[in-house]
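Structure below; questions to follow.
Note that the chains are named A, B and C in the order they appear, and that numbering of residues resets to 1 at the start of each chain.
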Amino acid sequence: MSAQTTKGRDFHRLTTAWNIAFHAVAGIFALLCVFPFLFVTIISFTDETTLARNGYQLFPEKWSVEAYTYLFKAGDQLLRSYGVTIMVTVIGTVIGVVFTALFAYAISRHSFKYRNFFAFFAFFTMLFNGGLVPTYIIVTQLLGLKDSIWALILPLAVNAFYIMILRTFFSTMVPDAIIESGKIDGAGEFGIFFKLVLPLSLPGLATIGLFSTLGYWNDWFNALLYINTPNLVPLQSMLMRIENSMQFIMQNSQNASLSVGVLQSMPQDTSRMAMVVLATGPIVFAYPFFQRYFIQGLTVGAVKE
Amino acid sequence: MIRKKRSFTVALSLLLAMSIVLSACGGGKNNSEGTAEKPVELIWYTIGTPQKDVDKVMAEVSKYTAEKIGVTVKMSMIDWGDYSQKLQVMTASGEAVDIMFTSSWAFDYVQNARKGAFMQIDDLLKEHGQGIVDTLDPAFLEGSKVDGHNYGIPANKELPAQEVWRFNKQYVDKYKLDTSNVYSLESLEPLLKTIKENEPDVYPFAVDKNQMPYVPYDYVIEKLPMAVSLDTTDYKIVNVLDTPEMKQILNTMHKYYKAGYIPTEAATMDSMTDVQTTGKWFADRATSQPFADNLWSASYGYPVVSTPASDAMIYNWSVMGSMQAISANSKYPEKAMEFLNLLNTDPVLRNMVDSGIEGVHYKKASDNVMENLDESKNYDMPTFSLGNVMLTYLNTTDPTNKWEEFKKFNDAGKPAPLLGFNFDTSKVTTEIASVQNVKEEYWAALMTGTVDPETYLARANDKFKAAGLDKIMAEAQRQLDEWRAANK
Amino acid sequence: MGAFGRFFKNINKNAAMLIMVLPATLWFIFFSYLPMAGMVIAFKEYRYSRDGFLASIIESKWVGLQNFKFLFSTNDAYIITRNTVVYNIFFIVLGLVIAVAMAIMLAEITNKRLAKVYQTGMFLPYFLSWVIVGYFVFSFLSLDRGVVNQVAGWFGIDPVNWYSDPTYWPIIIVVVFLWKSVGYNSVIYLAAIMGIDKSLYEAAMIDGANKWQQIRNITIPMLTPLITILTLLAIGKIFYADFGLFYQVPRDSGTLYSVTNVIDTYVYRGLKSTGEIGMSTAAGLYQSLIGFVLVITSNGIVRKFNKDNALF
């Protein structure tokens, strides 16, 4: 009630009670999401034997950086992998957003005669695919991308899901009047797209950019398939390789040669957690760059008078 | 060449044709290749964590092999967890490979031999692999035949499998327990009881979801309940869950579970590595090889002792523990066989592949003993996966009679009844898929003693029946009878 | 080149649009449509030929619908289909409601800095693999050392053997799924709310509409096209399940299969030992076909109401 009186006619603001309620719901959910991540970080700094004995603890008896020492043993490999990942992510996201935006914009326009055909053309690929082996043959034999950085970039560049989302953004966010006014001013289709449509669609583009960035950042499977050269192995792939192999060897612990020969040189739980920290840390810092496009003063514009 | 009735496939595949044509260019065989002056390159895929110095060592290896047999070697290592999947995609897409690692537990040998991933090497072995035939215990080549033919070369290593009970020596000593009389699962009981009563923090019997109680049966397919008795005379395939031995064992396991000897969540535990790290366990079961106690003790950091739990038997899966196969599309199969022959007979080559370059990665302590140097961290290979292990130099810590003991162990092994018989599942793949799902549903809970076999066994068997286990067994029996008739 | 130049000069509306769709279209041809030829493997007993993939396909034996049979051969067929579809319906409905609600809350919260912090936090589960999530769930639900049983013990409640009691798993699965996906999905809606023309709200305020009326009459209607599209796309995947969620999180516990076995885990377990590519391709084709039929149907229904909200 008090909010109503002090803010006068500002209907756009929530009442204090609702504001508090929203804070509580969003805050508690966010906390539930952050907590495991904090826990992961703590476990990654726990001593391995302590962990095996006591299980996961918020305040471990004994701390240790052993897990990180193990991972950093790879040394320059780790740095190179960061480099590969960043390069792939940046180039891939740029290509991906450009391809996606062009295609999505075209099929969002009523004036485009074949819009439904192309929408279907894209949608169809979301459901049907030929499977791993045919794709592998196209990439390695037809396109000759084996052991090339493009084998990490191209297979993820376009995604029909993003196209469908972005098309919806274009058709709901960009009023027809703007495009018409552009035409009256004599701008071409590309001019309208770049000068008028894109600036209006920044939240949508940022969403696709973010998803695409995360897709590239987290991808490890393409590297498993196409990359043999250690110089081109991205971060997640390097970490997943270790993770998969630990899992595999544990599951085959009955195998005498494997269990005695190999298991002992493998890092354990703490290293897994350290891997998550190493792989996620940098990208979390990149997050705010995108975030400003989808959380910003909704109210600023509304109450400017 | 392409028949008319297949034109539908052709039409569908037409898009792909382009790629194949393009990629097929540039092949072409040259007869003058494969000499010391003009060696051919063999591409070799093997399992293990990729090592930094592989290329460096292979350059050395290539110098040696070019001289000897006119080949150079390019080795690609694929890490443990990725190997099966990557090789599956590569072979299915017909990628150029010459030699690849295969086994019963990674990139399944029998399955891929049947699908045509490997070259049949009966003749190649005779012509270019005589050294292998002479070195290997005949059981290796006999036991790794698929439908009567060889498709891979087993590594000369431990041949039979022997089950043992392992004990954490600390507790054996502390309570002055006598392990010499332990053999059957039942005979463990007094020991487990002692531990349970005195050491509340210790798992008396460390069992995880991979637990397979030992029963004297030879399984047709690993972990599917079809088997023949080890001392069978009529080679009748039975449902192992119906046998008195299995029933007794499952009852005992359930008794142990209720008594608290077995970890409460054994049925969902992937492994016991945590417990092994802390040493908070007393007994478990494992597959052994000569001097395994030393290896285990060294690996855990505290002493482990073991006593036998079964005879040493030669099974298909123990024979196929580590193999090298020649790819079906290898351009130089003869050269590949020559190389494998050299790898399995020539100590210089074998040790170079295993330990790297002398003076860089290791140094020699005496004639057949070596010591790792610091650089060996850049070339740390899994010895057992790279051919004849009995040619490899001993470590300074190894007993000098290591390989003699291995030979003795191998000689003592008795062939299991199904050695050399490999079930062809292609007629019953549908049933296998259903039966596998039933197996996954009930197996771990039963085998770890978590559930009462009195009620669960019947339920599992009903579901197995509904899923078509009988049909699979009948098909297996038919193939087994044929195989026996052919191998009389 | 001359012809092309003249064609280009001829500025035809569709030509500009066709150029826009060209890059992604080429991509789709290479990375999606060419490999689709491989779907023929679903009707083959795939065996390798030494002459490469094409020869392998041609020489492999036709087996008709044999490869599809394992999906329907036992009672499990009903269980896996039911589980897959029912879970997905819950995921679609609850996921939608919660993600939209969360997006609206974040957009309305007056303190933008805190809103950003919350939103970043909600995103973090996306980065944890299912294996890791599985560990966490285990640290809560473990019989002996799990947090839940310990807390229950303080209140004198008997410990529950979570991993062998299917009763609670439908809820656990849904909660874990929502926990992991809400942050990611709410971003889309949040961005859509940002894109809503501010003048609509100003007009509403001048008319004296309160916050709830604004949300009901502006925000939600403006989100409807996006909600429709995302729901349609989700319907297409209704026969697919997230393997990790149903395999790693319940720790592959056999006693829970009645509520955790889904098509993807069934196929994985069934083909583990035979590795038949034909059968896995068949399973994928089956999942896609059903999804395709459902999307086409629901898209047709959507078109009846509002052509603009339909996929195509």
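Following the convention adopted for this analysis, contacts are C-beta pairs under 8 Å (C-beta built on N, C-alpha and C of every residue); 3 or more make two chains touch, one makes a residue touch a chain.
What you see is a predicted model; the values in this text were computed from it and never measured.
Two chain pairs, A-B and A-C, are compared here, and A-C has more C-beta pairs in contact (counted per touch definition above). The greatest centre-to-centre distance from chain C, using averaged C-alpha positions, is reached by B. Computed centre separation for the pair chain B/chain C is 38 angstrom, with centres defined by C-alpha atoms. Chain A and chain B have CA centres that are 39 Å apart.
With each centre defined as the average position of its C-alpha atoms, the distance from chain A to chain C rounds to 15 Å. Multi-chain contact residues of chain C (touching two or more other chains) are listed as 33-34, 37-39, 53, 142, 277.
Multi-chain contact residues, meaning those touching two or more other chains, occur in chain B at positions 16, 19-20, 23, 92-94, 270. Residue positions 133-134, 137-138, 142, 243, 247, 269 of chain A are each in touch with at least two other chains.
On the side of chain B, the complex with chain C involves touching residues 2, 6, 9-10, 12-17, 19-20, 23-24, 88, 91-94, 108, 111, 115-117, 119, 209, 221-222, 224, 264-265, 267-268, 270, 328-329, 425-426, 429-434, 436-438, 440-445, 450-451, 466-468. Listed in rising order, the residues of chain C touching chain B in the complex are 33-34, 37-40, 45-58, 66, 69-70, 73-76, 142-144, 161, 163-164, 251-255, 257, 261, 266-267, 269-277, 279. On the side of chain B, the complex with chain A involves touching residues 16, 18-20, 22-23, 48-50, 52, 76, 79-82, 85-86, 89-90, 92-95, 105-106, 157-158, 208, 210, 212, 270-275, 277-278, 280, 286-289, 292, 295-296, 299, 321-322, 380, 382-385. Against chain B, the residues of chain A that register as touching in their complex are 48-49, 51-53, 132-134, 136-138, 140-142, 224-225, 228, 230, 241-265, 268-269. The residues of chain A lying in touch with chain C in their complex are 9, 11-15, 18-19, 22-23, 25-27, 29-34, 36-37, 39-40, 55-56, 98-100, 102-103, 105-107, 109, 111-123, 125-131, 133-135, 137-139, 142-143, 154-155, 157-158, 160-161, 163-165, 167-169, 171-173, 175, 188-190, 193, 200-201, 203-204, 206-207, 210-211, 214, 218, 243, 247, 269, 272-273, 276, 279-280, 283-284, 287-288, 291, 293-299, 301-302.
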